[in-house]
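Each of the next two complexes has chain A plus one other chain: chain B in the first, chain C in the second.
Presenting the complex of A and B:
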């Protein structure tokens, strides 16, 4: 058992290192291949034209134009391994500091959305699956299919229009009120500003988990063990509590941890629409502005998040499912 | 005479099926089934595999699939067994013992599952007694279904019945793939239930085992009950009634292992009248009409020429 666990941990670590290595390389290659000229993007055509040759050369050095890509990557990687993520070219601050601020903003958004969509999705799926073919099932299914075929940014715009522009009950963007000192921002302000983006993310996150749980629930209701439970007089909520919940929850948990990637991906779009200064928005500006150190760091952190989500799913499954837990012990 | 615990008359079960897209067809899986179980009696319904006899158990417990329709009349202790009445009685007075462990929830521990989650002193004590009686260790309560060994399965499944106060026990194929010793012991457990006063209906394909333990045997062929006979009628061929039962008798190892030509007709290609007619040596034109199920020498038979 001890040995098995050791091997498992070792394998996971190897996989994680490989993942970081390949994503960083891929990001780097893609950035180098991108047609965006860092000077034109950040300094501007007009300003560049009016500069002296020396000034332009200095700027080229700052943005790393013309340097050997391999040398660049290796030196970045060497720093990264030592724990130095470099300095963001756009923010002119250490990348670690930029990410700390942005991640805190995003995390609040994503965790809320993740939990909300998980709980809501699971229960919608359960209700739908247990009432297969009835109107409530059709309603849930219709909602899920509609939502999963709706682009996230479009939904974000829609919510923004309804709640921000027409009803004027929620702010149209940003994470804090405009014209207020940083010290004067209350926790309530932050929550108030996060409602719309979090809501958008939750709504889109629901459909996947709900549809999956519905399928699972239908399978459970048709299973022999539910048939027998019914033959033993169990029904309704008791039946669900004894046999449905646990059997449906297991795959739902796994799926939902694996869905961390989707929430992450969705947050990039949603933050963009709501001008919410989170990790997603930083990623977009870093990409468009050729801020290589920042983009690399964000990509790696996202990859680690997704990896972590999948890994937790793996581990949890082993803990909750006796067949895997005890099977491993035997 | 006392009312039988369970009396089933002219039970039929059919399925609506869609063939070639939208065409609906009706499959009559059970067409005419009659059986009676008295208190303290063990009755075996014997039929070959795939003849739909499991549906009988599902019908009595009201758990037929949604696309199945049931006709005929079921009476439980003197009054009709309607779906509402089934739902009230199942799991307490009427219990089913399923075929295999796949009928247990894989994620619930055995003890909790047998008790249906009840934790009162009386139920806990009762289960302990059942386990002692069946020679199961107390630790088994804390196992999950996948951890059970093959030998324990039957005793666990039957425990689910004993934890209640059953007046009627329906055992669906209780000896699938078991070696003779284990199978005999499993049947013995059901015999005990009957001796304790419950009515026991065993649905099985194993005639030999059924004869050893059951009081009466009902022979099921191609959707119909063709004969009802006391187990002792099977000692000699002459005391049996239906040609199919006689063929079964001759097919038993100790009676020469003789088989007859042909196979049981498929639901969709059912002959008119007697379902056994294509394989029967004494079949006449008359056999193409409806054959009544009539009493004969203390049993019942669905054959015009049985004497």
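Presenting the complex of A and C:
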């Protein structure tokens, strides 16, 4: 039993390593295939024209133009495994340093949004599932449809308009106040600046989990043990506490672990709107500026997060549901 | 009037109404391409009024026309890309289920790989690889939306393969192609069509997001993502109508696609209505 779970986890880890390796290759190939000339994109045509031949050659070497791709990939991979992620071409700092700062900013945002949207989505799902067909169920369903049809960046723009421009109670962007030294930034400042982006992400993350929980809850409410409990006179909150909560909560948690990818994707858009200096914004500028080392590192880190989330979800399924553990049909 | 119709007729009505509205928007938008580019400085920065229901922008362009054009552009691009994606899904889903274990393992691996990279990041990568612009975003959307539908089709074909009537057809000596064409494809069609229609909203949203980030259509084209990203610069000065109306129109269009997809699902799979 125990051993089986161990083997399962080991296989999953091997698969994950393979997937991350392929991800890095895919990213590399895609970046290499790009017809965009990094020199043109970052230095500009006018500046290039006025430079001497040696200067251009030096720049070409800096941006890695004209090297053999396979050699480049192998040397990059060898460095990466040793923990050296290379130097970001745009920021002119080691990629590891850039990512450390950006990741901390983004994690703050994503973890808040992940937890908030999980709790909110779960309770909306439970309420709507227990009141199936009534007005509140319709309300929740309508809300989910509307939210999943709304582009994340537009929701961010709307909230920015209402709270930042119209009511003027929340800041328009950035993660710290402008013109304040790094040491003078308080924790409160950080939270204050992360409220709107985190709110946007939380609102958009709700719909999936709410709909899933609703389905589960409907299934639970139709089960025989709930029928029997009702016959004994249980209803409302007591019924939910005794029979609903645990049955609905675990699938919801596993689903939410698998939803890490969406939160990550949403954060790219939200950070762009609020000019919040996180990983997503770095990814966009790295993509626009052909900063290969940075974009590769970001892709791999995000892939690690997603695979990690999926793996936790798979393992949780196995632990929670003995049928999957035995059948191996996950 | 609604009361005289039965459930099926009501669903059909909903489907037709949403399809007609979407078609009108697309065709209407396609015809006002020139009007969307007309600049007129005598009418710049007008708030919404009767003459210009969506207002005008800083170059005096009519936002209603621009929005229509942008939406039709996004919808047509999204639909075409989603259709390509759906056919990839159909081909790979069937291949994974029928061509043996190795093919299945490879396709599953590719699906896991594509689902493992956050969607937006993957779109950015593909768009950069193809040099941004129209080609980049079209291929990006077309190549990244198939995994979930392919999984669904694979599971369905797996189940079909074991079902008695297929087994019997095999024992009767029918060829594999005959079984696939005569017995499997008709069974897959409803799911495929519904999956296709439900891919549209995703594709449209992703297209507009990537364009918004600056990787998609170029800024000369009045795509909906471009309109919204331009409006971002003018938000702080209080020009709320530049973002509000185009965005609302986009949301409405996507909702209509979802409604159409749901109605189509109810029509092709009547049993699901009772769930």
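Observations on the structure shown:
The rule is simple: the second predicted complex is superposed on the first by the 311 of 330 C-alpha atoms of A that agree within 3 Å, B and C clash if a C-alpha of one lies under 4 Å from a C-alpha of the other, contacts with A are read in each partner's own complex, and residues count from 1 in each chain.
Rule of thumb we're sticking to: contacts are C-beta pairs under 8 Å (C-beta built on N, C-alpha and C of every residue); 3 or more make two chains touch, one makes a residue touch a chain.
Every value quoted in this text rests on a predicted model; they were computed, and no experiment measured them.
When the two complexes are overlaid on their common chain A, residue A:261 makes contact with chain C while staying clear of chain B. Of the two partner chains placed around the shared chain by superposition, chain C is the only one that A:153 touches, whereas chain B remains out of contact. With both structures placed on the common chain, the touch criterion links A:284 to chain C but leaves chain B unconnected. Contacts of A:299 after superposition on the shared chain: chain C is touched, whereas chain B is not. A count of residues in chain A touched by chain B and by chain C gives the higher number to C. Of the two partner chains placed around the shared chain by superposition, chain B is the only one that A:234 touches, whereas chain C remains out of contact. Once the two complexes are laid over each other on the shared chain, residue contacts for A:168 go to neither chain B nor chain C.
Residues 15, 18-19, 22-23, 26-27, 29-31, 33-36, 145-146, 148-154, 157-158, 160-161, 164-166, 172, 261-262, 264-265, 268-269, 272-273, 283-284, 287-288, 290, 295, 298-299, 302-303, 306-307, 310 of chain A touch chain C in their complex. The touching residues of chain C, counted against chain A in their complex, run 109, 112-113, 115-121, 124-132, 201, 205, 208-209, 212-215, 228, 231-232, 235-236, 238, 240, 243-244, 247, 250-251, 254-255, 258.
By the touch criterion stated above, chain A contacts chain B in their complex at residues 224-225, 227-235, 238, 242-243, 246-247, 250, 321-323, 326. Listed in rising order, the residues of chain B touching chain A in the complex are 58, 61, 63, 87, 90-92, 95-96, 98, 102-108, 116-117, 144, 146-147, 160.
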